[in-house]
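Scrolling down, you'll hit the structures one after another.
In what comes next, chain A is part of two complexes: it sits with chain B in the first one and with chain C in the second one.
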Partner chain A sequence: MNKKELMNNKYFIAALFLLPAVIFSLVYLIIPIPLSTYYSFFKWDGIGAMEFLGLDNWSKLLSDPIFWSSMANNFKLVLISLVVQIPIALFLAVLLTRKIKGASFFKTIFFVPMLLSSIAVAFLWRYMYDPTFGLINSFLNLVGLEQLTRSWLGNSDIAFYSASAPIQWRFIPLYMIIFMAAISNIPKQLYEAAEIDGANNWQSFFYVTLPMLRSTVVNASVLIIVGSLKYFAMIFALTGGGPNHASELMATYLYTKSFTEMNMGYGSTISVALFLVALIVSVVFLNFSKKDVRN
Partner chain B sequence: MKKFSILSLALLMVFSLFSVTVMAQDEVNLTLWDIRTASDQVTPALQDAIERFEADNPNVNIEHVPTQNDNYKTKLRTAMSADNAPDLFMTWGSASLERYVDADKVYSLESHMTEDWESNFMPAAMDLGRVNGELYGVPVTNVSPALVWYRTDLFEEYGLEVPETYEELKNVVKTFKENGITPFALANKNKWTGSMYFMYLVDRIGGPEALQQAISRKGAFNDKPFIEAGRRIQELVEMGAFPDGVNGLDEDAGQSRTLLYTDRAAMYLMGSWAYSSFKNEAPDMLDQFSFFNFPAVESGKGDPSNLVGTPGDNYYSVSTKAANKEAAVEFLKYLTDSKMGEELINIGNIPPFTGVAEKIDDPIMKKIYNSSQEANHIQLWYDQTLPLELAQVHLNTTQALFGMEITPEEAANQMEEAAQEYYGE
Partner chain C sequence: MIMINKLKQLVIYIFLSVWLLITGYPLVFLVQNSFKIRMEFFRNPVWSLPEKFTWQNYIEVMKSGFYIYFINSIIVCFISVAIIIIVSALASYAISRIDFKFNKIVYILFLAGMMIPIHSTLIPIYKITLSMGLYDKLSALIGPYVAFSLPISVFILTGFINDIPYELEEAAIIDGASRFRIFRDIILPLVKPAIATVAIYNLTLLWNQFAYALVLTSSPSKRILTLGLFEFQGQHGINIPLTLTALFLSVLPLILLYVFLQEHIIKGMTAGALKG
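The block that comes next holds the complex of A and B.
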């Protein structure tokens, strides 16, 4: 094949354009997975000599209560996010796609949390949660609900839930926008037909909008599940996984182990475990929802 | 224009060639590695010391190679293991220096330690430059002990005296609590903040030996002083000595000091850097702040003059590879002389040198300097003294103590277990 022929071959051209993306994802996304697996068999501080441990890190992981409680927290976060984010985002999306006054104004307002950086949001909420000067406790005092004031982030029983709240607040707009796009793609005729059949607003929502959004809701759920399983930023900034690991997630725990305690081997073990958990859960979920669609 | 620049470049190269050959004949070149980059406050003082030294020793040339803090550690470690050590280098003393001494990379300064030079340093600061009783590094910067800062006006208002014993401290705590003021401002999300109470209580109860013996494994981390320290922390927690939800407050966000500035808290156990925070954040309240040493515990072994903190930072050493060790040691003397001390004080950094007291104008800084001088022993922070793995266990168990989530015995036993695992017992 001469040069000219090669340049006319559309597969070659396509491969050429795909190359940068392939190299990027290989180096930064694909190769690190087997590499982390390799590190998980060693005791390593990231710089010095590596000491082979065999499966020691893995057996340690299985009997590590903090790892299990952090995984439980991850699943709690998945559940909370699914229950809170999808319905609220759906509600807002339906509301804003109707021809109500000031829809674009509210669209902008509701989208603001998404534009802020996670750390900025975390600091905002940190000050709101301040037990003495914070907005939340001050408000409760103001309306005479002193008995409800709490040290929101310092109390081990509620720290995890307090730290989960800003995550919901920040990500609802993302799904709101996704749902709004999907709703605007639903053909108008369907609603007209429903109207002729005498469907009220609720019925047209449950029998037209919701079924048409099915695949979007499934996709959003996968995003939420995977995102919650590997979540890190705001929990780290708000509580650092504390107090006493009460709000620890797998990702914050792996960060502490790898970069605070410089135990890269064990940190890699946790990261591979996190990867496996997220992989299994999302594959299982996708399979179930696919079967459902076919039926 | 282009021709001209090429010509000048060529000339420059020829000249530099000459200068190198000239130098090789009778000049001494010393390489100095440290973290004094352009943004470091101490850099001008160091450069001045280099200039003064070079002026007095015209045949010696010091090549200063600064590297940013975190990269520096890696760079030094790599160079040391590759046998490429610079003539002069900086460490943080203690474990960071010991590693290189054990590998025979550091030149012992013992034979150069004249009485005159030795008396220049605060004894507590020298300890961290010693390995197996021999001196390998001299401290240059930053004495910053943890002290109990307090609002003098609030103490006056409630007719309280500075507590000298733990019992008196409990009385102070009680009085403030009764008057709706949080006795101690503390933000313990960060963990090292609460650790200060633990370290001081261990010292006051068991003396500095308690920790030393636990580390050398002649004692244990579940010995009485550690359990007792945990018990007293929880006693204070139960009395309401700390803010609500103390483990959720963030020191980096200033959630502790805000309580002090708004008259809601009266005391604050913190490193001497708290004084610069006060200066920045509440300059008009500066005269309402002072500090006292952590009170003594009755029947405890620790001397109340003992401090916990950084007794001295940035230890400068000579490597065994240095061609001209005499000149290198001579430079260390310039780096630790009274002129250097003066310049450090001017930027608000208390050097670990003796006899600089009269040069300090600020009364609080002078008081910090004096208590450091008078200290019998300055205990380096646990999270820097202990190996990383143990340091984390210490920080986590101490935070749990503040949260009443663990008993003092459990905390001490967890620490001892981790120590046994680490030391391979």
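The block that comes next holds the complex of A and C.
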């Protein structure tokens, strides 16, 4: 084939257009997964020689209580985020889409947490949680609730919940905006019809707004579920998974094993497990939500 | 009736003010304490105003080399976003306009990339980066950044190109223009609004990215802003007002951008979620 024929061949042209994207995706997204799986069969510190272990890392993983508790924490985070973020975001979106003065001012400020990096949010909250100088304990002391003050991040019973709070704080505005956009797309006639039928605000919320937002709520839930299963940054910066693994997530555990303890073989095993958990849950939930939307 | 409406309004404003306090006060806390000197922070309650405003913390943070992190973040983010736009626009054009039989499959495979947790890829990427000789170089971050942003960018741009009427290209094809010319002269100018959305979406996401830099760079001169803040806190965490100053400086660029481009930023940051 000469050059001219080649340039007229649509398969060749399509391949040229796709090539850069395919290279980036293969090297940095796709190949790492089988590569991680391969590493998971070895004992390896990341630099030296690799020692074949067969399935040892995998059997160790299955009997590793810290891995299971970190996975449980991921699912707790899913649950907390669903229960906290969706209702609050929906509530704020409903308030802000009503005709009130200053709505755009409130919206502008409410969105700001989304602009901050997870690391910045984590440290901001660390200082609010500080047992001696923090905002929260100082406030409790001021209003005479000394008995409620505690070491928010140092107490292993509550560290995970304390570390989850800033995640909610940062991501509520994202879903608030999504719900606001969806609410403003609901045809006004539906509300007028409901009003003529004598519906009050609550009724028009439950019989008009909520059903019309069904697919948006499902989409937001998918984002929250997938995001919470692979969450890392804020917990890593706030507690590093501590104290004593109380706030450990799969991703923080895999980081500590791989890059602090330099046990990359076992770290890869956790990586693949994290990938599989995220994959299975997304596939199951996406199937479920597709059916839901079709009904 | 008017009374009831007034009451309803009042209730709405009460709820909104409560959330305003929850969202806004931590930010006020951040700014007001960044102007205190260390001893004053220990002496007075956290909500007190600084005894006298001092820029001392700001000067100290900048002197510590913190400004390098801004420059590094800007370089890495802008180069990455430029590459993302070119690469994803090329791929989206092929998926949307060239009928090569596997369009649908290729598209779905790209989108499936969104399902991959980036932390599952950290060890292989660390290894790949080492063997390419890029470890502890700013350029080490560009490859992962581009790959990480591709799925959503291809998704937004393909959707947009699909909506462009085909007639615009037909005449050019009849005239014998090449695909590259059509892409450059007809498609690219038309997708400018979508490119702006993709650029803002990725810029904000990558500006706040952390994990890749944590794993792929080590020396202070190669730190991007999020990692720089993380290390700064590790070194100066005891000096709370100083660390709060570094924190405030690190979030300032996006907040300033937000002041000027609010609607674009909100649209850009929620684009992936809205359409996904």
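By definition in this document, the second predicted complex is superposed on the first by the 270 of 295 C-alpha atoms of A that agree within 3 Å, B and C clash if a C-alpha of one lies under 4 Å from a C-alpha of the other, contacts with A are read in each partner's own complex, and residues count from 1 in each chain.
The rule we apply is simple: contacts are C-beta pairs under 8 Å (C-beta built on N, C-alpha and C of every residue); 3 or more make two chains touch, one makes a residue touch a chain.
Bear in mind that the values here come from a model prediction, so they are computed numbers and not experimental data.
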First, second, both or neither for A:I224, with chain B first and chain C second: neither
First (chain B), second (chain C), both or neither touched by A:F123: both
Touching partner for A:N263 - first (chain B), second (chain C), both, neither: first
Partner chain(s) touched by A:P243 [first = chain B, second = chain C, both, neither]: first
Chain A residues touched - chain C or chain B, whichever exceeds: C
Partner chain(s) touched by A:G154 [first = chain B, second = chain C, both, neither]: first
Partner chain(s) touched by A:M7 [first = chain B, second = chain C, both, neither]: second
Chain B versus chain C as contact partner of A:F133, first or second or both or neither: both
Where chain A meets both chain C and chain B, residue numbers: 123, 127, 130, 133
Footprint of chain C on chain A - complex, ascending: 7, 10-11, 13-15, 17-18, 20-22, 24-25, 27-33, 35-36, 39, 46, 91-92, 95-96, 98, 100, 106, 108-120, 123-125, 127-128, 130, 133-135, 138, 142, 169, 173-174, 177-178, 181, 201, 219-220, 223, 226, 229-230, 232-233, 237, 251, 254-255, 258-259, 264, 267-268, 271-272, 274-275, 278-279, 282
Touching residues on chain A, where the partner in the complex is chain B: 47, 123, 126-127, 129-133, 150-156, 159, 239-240, 242-245, 256, 260-263
Residues of chain B that touch chain A when the two form their complex: 74, 77, 188-191, 243-250, 253, 255, 258-259, 262, 264, 388-389, 392, 396, 399-400, 403, 405-406
Of all residues in chain C, those that touch chain A in their complex: 8-9, 12-13, 15-16, 19-20, 22-27, 29-30, 33, 41-42, 45-47, 86-88, 90-91, 93-95, 98-100, 106, 110, 113, 115-128, 143-144, 146-148, 150, 154, 178-179, 183, 204, 207-208, 210-211, 214-215, 225-226, 229-230, 233, 240, 243-244, 247, 250-251, 254-255, 258, 262, 265-266, 269-270, 273-274, 276
